[in-house]
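Right after this note come the structures.
Presented sequentially are two complexes of chain A, the first with chain B as partner and the second with chain C.
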Partner chain A sequence: MAYKISESALDAIIAGLSAQCAVYAPRLLAGWGTSSDVDIVGYAKIEKGSQIAFDKKSMYSFKEAILPISQTLFYFTEDEMREPRPAFAQAVVFLRGCELHGLSRLDDVYRADGKLDFYYEQLRSNTKFIVIGCEDGFESCFCESMGASGVPACDGYILSRGDGYVLISNFDELTDLVKAEKAEQIDFTPVPAKNTLKVNVPDEIPEEVATSPIWDEYDARCIICGRCNFVCPTCACFTMQDIFYDENVNAGERRRVWASCQIDGYTDIAGGIAFRKTKGERMRFKALHKLKDHKGRYGRNMCVGCGRCDDVCPEYISFSACVGKVAKACKEVGGNG
Partner chain B sequence: MDLNTKKIKKNAFRVTKVRGQTASRIRVPGGYLPAEHLAAIQEIAEQYGNGSVHLTTRQGFEIPGIDMKNIDAVNKLLQPIIEGLKINQHDPGKGYTSAGTRNIAACIGNNVCPYANYNSTGFAKRIENAVFPHDFHFKIALTGCPNDCIKARMNDFGIIGMTEPQYDAGRCVGCGGCEKACRLKSVDALELDHYKIKRDHVKCVGCGECVLACPTRAFTRSREKYYRLVIMGRTGKKNPRLAEDFIAWADEDSIIKIIKNTYAFVKEHINLGAPGGKEHIGYIIDRTGFEEYKKFALEGVVLSPKAVMNQNVYWSGVHYKLPSYK
Partner chain C sequence: MDNLYKPFLSKILKVNPHTDIEYTFRMEYAGEVKPGQFFEVSIPKYGEAPISISGIGDGWVELTIRRVGKVTSELFESSEGKSFFMRGPYGNGFDLDLYKGKQLVVVAGGTGVSPVRGVINHFSRNLGQVDGFSVIVGFRSPEDILFSDDIALWKENKGFTLTVDHASEGYTGSQGMVTKYIPDIQFKDINTAQIVIVGPPRMMTACAGAFIERGVPEENIWISHERRMSCGLGKCGHCRMSHKYVCLDGPVFNYADAKHLVD
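This part shows the complex of A and B:
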């Protein structure tokens, strides 16, 4: 059911939600940019509606709320182990439509074939997702081209308009709070986001594209910092860290942390071998994983066209431009892109 | 021609190598100015000068080839610039009140530069307001980070921006980006321990390279801005030298107080018998000893608990002496 709500009603509703559970939303974080006196939007807990950043795209995605950047899986001693308490019992996460599409890609990986990842499930299945509506999107958005501009079924939807907000509630706790504000019911159907940026996305990518010269330019351009992976709502890779405490090596913990296929070490194996040494090779791996490999396994492109990797890249490498180059290369090698 | 050279120099007009010709020197605190003033500078250069302008080493403008008879007319045209840049002035319409304390120079700072730890031109203007006009020969420069693009260490007071890296281990993936940046570009103050970062605060110069390198916002900037105050650098014939560290992790207000206190120190100890009645601060400290300077400099200064002060400061520098060849 859709409701028209005011700024103060939204404040009260979010205050009510945050009293019941953790509420995460894109929020303007003062001084959080890499350079001084730069504010950026990141994911953080909120207590009132006015803390939600409606007018800017978050730099990092919702992902960190349910897939922590650094997560202790268990603590161990000689013959015992125990898991830490989960980050939250219940949570509500506000996210953009592209990110909800991103969630389905994370589900592809962490819930593949009904084999549920325990730690992912612990947070993901206890989270309600409320989509922040985008009518026009932002400069770097290309969700339309990636087929991820629609609003999938979700627990709620909110759109900021000149005269307040439209809120759709699909779960009781939220509906109760909305009703307590005596919000007016309205007819409303969310519309897909529109983008000015259009990208030609190849349907099928022939193997030969891997050896195309399009990857070479990234050898010189990319600085393999991994920001593109860390802001991505679909990147699901992690790496393991086992720690034996200095004070007592019979106790320790096992952690998993986000990994990046761009950063040194990702393809290292015993014997000092690394498979993808050049930056171009790493860019190729990332691009083809997002546009081909994931699709081969799960039937849909991994990339949802949110454009966060474009926004964050300090070297101004655009993934949407790369998708265009891949499409062109497909034609050159005789594919059907 | 009868002309009081002391007076025109104090008024920021130079005695040049061409008899009867002067040059007007325009101070631009922080070297940052609204573009509109460039039109006035062009007008003065074309109407009263020889049509050229020099960008001075301290980020001002110098308009050469001005007939000394036109000083009053030029001062009138300077007025909108002086007012526009909010330069303290005793007699409106009469040009600059003094020229001893040099233009406060600054790098572009965080108006533009991603590395800058603060708004160096803004702080430069704040200092300008606190110390100008003054006849004493003080050189002050501000730089956004320890790269020191403005060469703050060649000034009596060099102010180098610092940020205190804030580390959130929960956001760290142990990629080593910060450790590598610090080791290769700065002072090697970081090390990975159990895949997380340990920062050596004694080594850390607060440059912010770790913050810039971090791809996950595990390293962010401190809300507070900090400064390293380096003192008594100088060029010149006697004993040029780089400024040495006086206080690290200092705050803005304390720095301004210390600079103002230094004017009192110079007033007390300057040797008026020196050539032109001018003795440069650094040489005065060489004469009185650092302890005496410190007594003046720290008068009423309350440093924050974060600040670290060198109790003694020693300088080296160049002592000109030709090697003797036999």
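This part shows the complex of A and C:
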């Protein structure tokens, strides 16, 4: 059911929600940028509606709410191995439509073949997802081209409009809070986001594209910082990291931390062997995962066209431009792109 | 819900040192397991490492480990009667039934001998199950030779070749890369012969090429990949090649499929 709500009503609703569970949303994080006095928009807990950044795209995606950058899997003492308590028992995450499409890609990986991931499930299955509506998207968005502009089935939807907000609630706890504000019911159906940036996405990418010269330019341009992976809502890779405490070497922990396929060490094996030594090869590995290989395994493109990697790259490498280059390379090798 | 990352404790039944840096650990394990599969050896506070199963017996598995990193160095501090954690087995492993009744050729290099040791041992003891059995095993130098005890048994089969890449003067055994000995193999029926190749990536490519040149169909060639892994469950992403995860879909691949996989 859709409701028209005011700013003060939204504040009260979010305050009510955050009294019951953890509420995460994109919000302005003053001074959190890597340079001094630079603000970013990122995911953090909120207590009131006015903290939600409706007018900007977050730098990092929602994924850190359910797939933390560093997550402890076990605490070790001499003879014991103990799982930590989950970060939250229940949570609500406000996220963009493209990110909810991104969630389905994370599900592909973490829920594949019935092999559920204990830690992912602990957070994922106890989270409600409320989509923040985008009517026009942002400059670098290309979700429409990637087929990820629609609003998938979700627990709620909120759209910021000149005269307040439209809120759709699909779960009781939220509906009760909305009703307590005596919000007016309205007829409303969310519409897919529209983008100005249009990208030609190839349906099928022939194998030969892997050896196309289109990847060579990234040898010179990419500085293998891995930011593109870390802001991506669909990058799911991690590395195990064991530590022991300096103060007491008999105790320690095992963590998993986000990994980047662009960074040295990602493929190193015993005997000094590493695969994909050049930056171009690493870009190719990432790009073809997003546009071909995930689809080959799970039936849908991994990239959702959120454009975060374009926004964050210090070398102005554009993934949407790369998609276009892949489509062109497909034609050159005789594919149907 | 089961926590698939939680390792179990396994007792060290025997330690067999091959070289200063290569030991075989016989570990207590009762479940079903196939040669070519692997375990994640899991040492709290040090980390995890995927290790091939180099031997299988009643109530035990063997893991041949080279001391190269943090996890493996810590393992070398362990001794008989102690225990360490592991999880698995993971991966598809070799399907021995596929080779039965056919001529079988196994080519392995260096630590690549570990994952096929179970295959070689099985058919060395059951020669009647295959229609001809050749084995070419290569190591860098005589000092790097692994599984000397097994090699003594394997040598009884006249189709066995042990070679080293380089040796100092006075070494009387065969020398040269494993590929040097591929032309010597006598095929009874090149269309049905099965080839298993395990070793460093460049060695596997060179050997597969040599067999294809001799007329072996690609579908009859099997290789086993080694890649970095953090989970063994198809989630961490490190071992992915194209749309396949080496930990789930491999490490054993048919060459006709494997040649299409891009790192």
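The working rule: the second predicted complex is superposed on the first by the 329 of 337 C-alpha atoms of A that agree within 3 Å, B and C clash if a C-alpha of one lies under 4 Å from a C-alpha of the other, contacts with A are read in each partner's own complex, and residues count from 1 in each chain.
Please note the rule applied: a contact is a pair of C-beta atoms (placed from the backbone, for glycine too) under 8 Å apart; a residue touches a chain by one contact, two chains touch by 3 or more.
Everything numeric here is computed off the predicted structure, so don't read it as measured data.
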Inset, instruction - Mind working out whether A:W258 is in touch with chain B, chain C, both or neither, as first, second, both or neither? - result: first
Inset, instruction - Quick one: classify A:G156 as touching chain B (first), chain C (second), both or neither. - result: neither
Legend entry - First, second, both or neither for A:G49, with chain B first and chain C second: neither
Inset, instruction - Classify the contacts of A:D37 with the two partner chains as first (chain B alone), second (chain C alone), both, or neither. - result: first
Inset, instruction - Spot which of chain B and chain C makes contact with more residues of chain A, would you? - result: C
Inset, instruction - Could you look at A:G280 and tell me whether it touches chain B, chain C, both or neither (first, second, both, neither)? - result: neither
Inset, instruction - Tell me which partner A:P68 touches in the superposition: chain B (first), chain C (second), both or neither. - result: first
Inset, instruction - With the two complexes superposed on chain A, say which partner A:P26 touches: chain B (first), chain C (second), both, or neither. - result: neither
Inset, instruction - Please indicate which partner A:F76 is in contact with in the superposed arrangement: first for chain B, second for chain C, both, or neither. - result: second
Inset, instruction - Have a look at where A:R227 lands relative to chain B and chain C in the superposition and call it first, second, both or neither. - result: first
Legend entry - Shared chain A contacts, counted only where both chain B and chain C touch the same residue: 239, 241, 243, 259
Inset, instruction - In the complex, go through chain C and note every residue touching chain A. - result: 1-7, 43-48, 66, 68-69, 72, 85, 110-111, 200-201, 226-228, 230-231, 233-238, 240, 242-244, 248, 260, 262-263
Inset, instruction - Over in the complex, which chain A residues touch chain C? Could you list them? - result: 73-74, 76, 81, 83, 109-110, 112-113, 115-119, 121, 207, 210, 236-244, 249, 252-254, 256, 259, 261, 266-271, 273, 275-276, 281, 285, 288-289, 292-297
Legend entry - Contact footprint of chain B on chain A as seen in their complex: 30-32, 34-37, 42, 60, 68-70, 225-227, 230, 239, 241, 243, 246, 255, 257-260, 263-264
Legend entry - Sites on chain B touched by chain A in the complex: 110, 113-119, 161, 163, 169-177, 194-195, 208, 211-218, 220-221, 223, 225
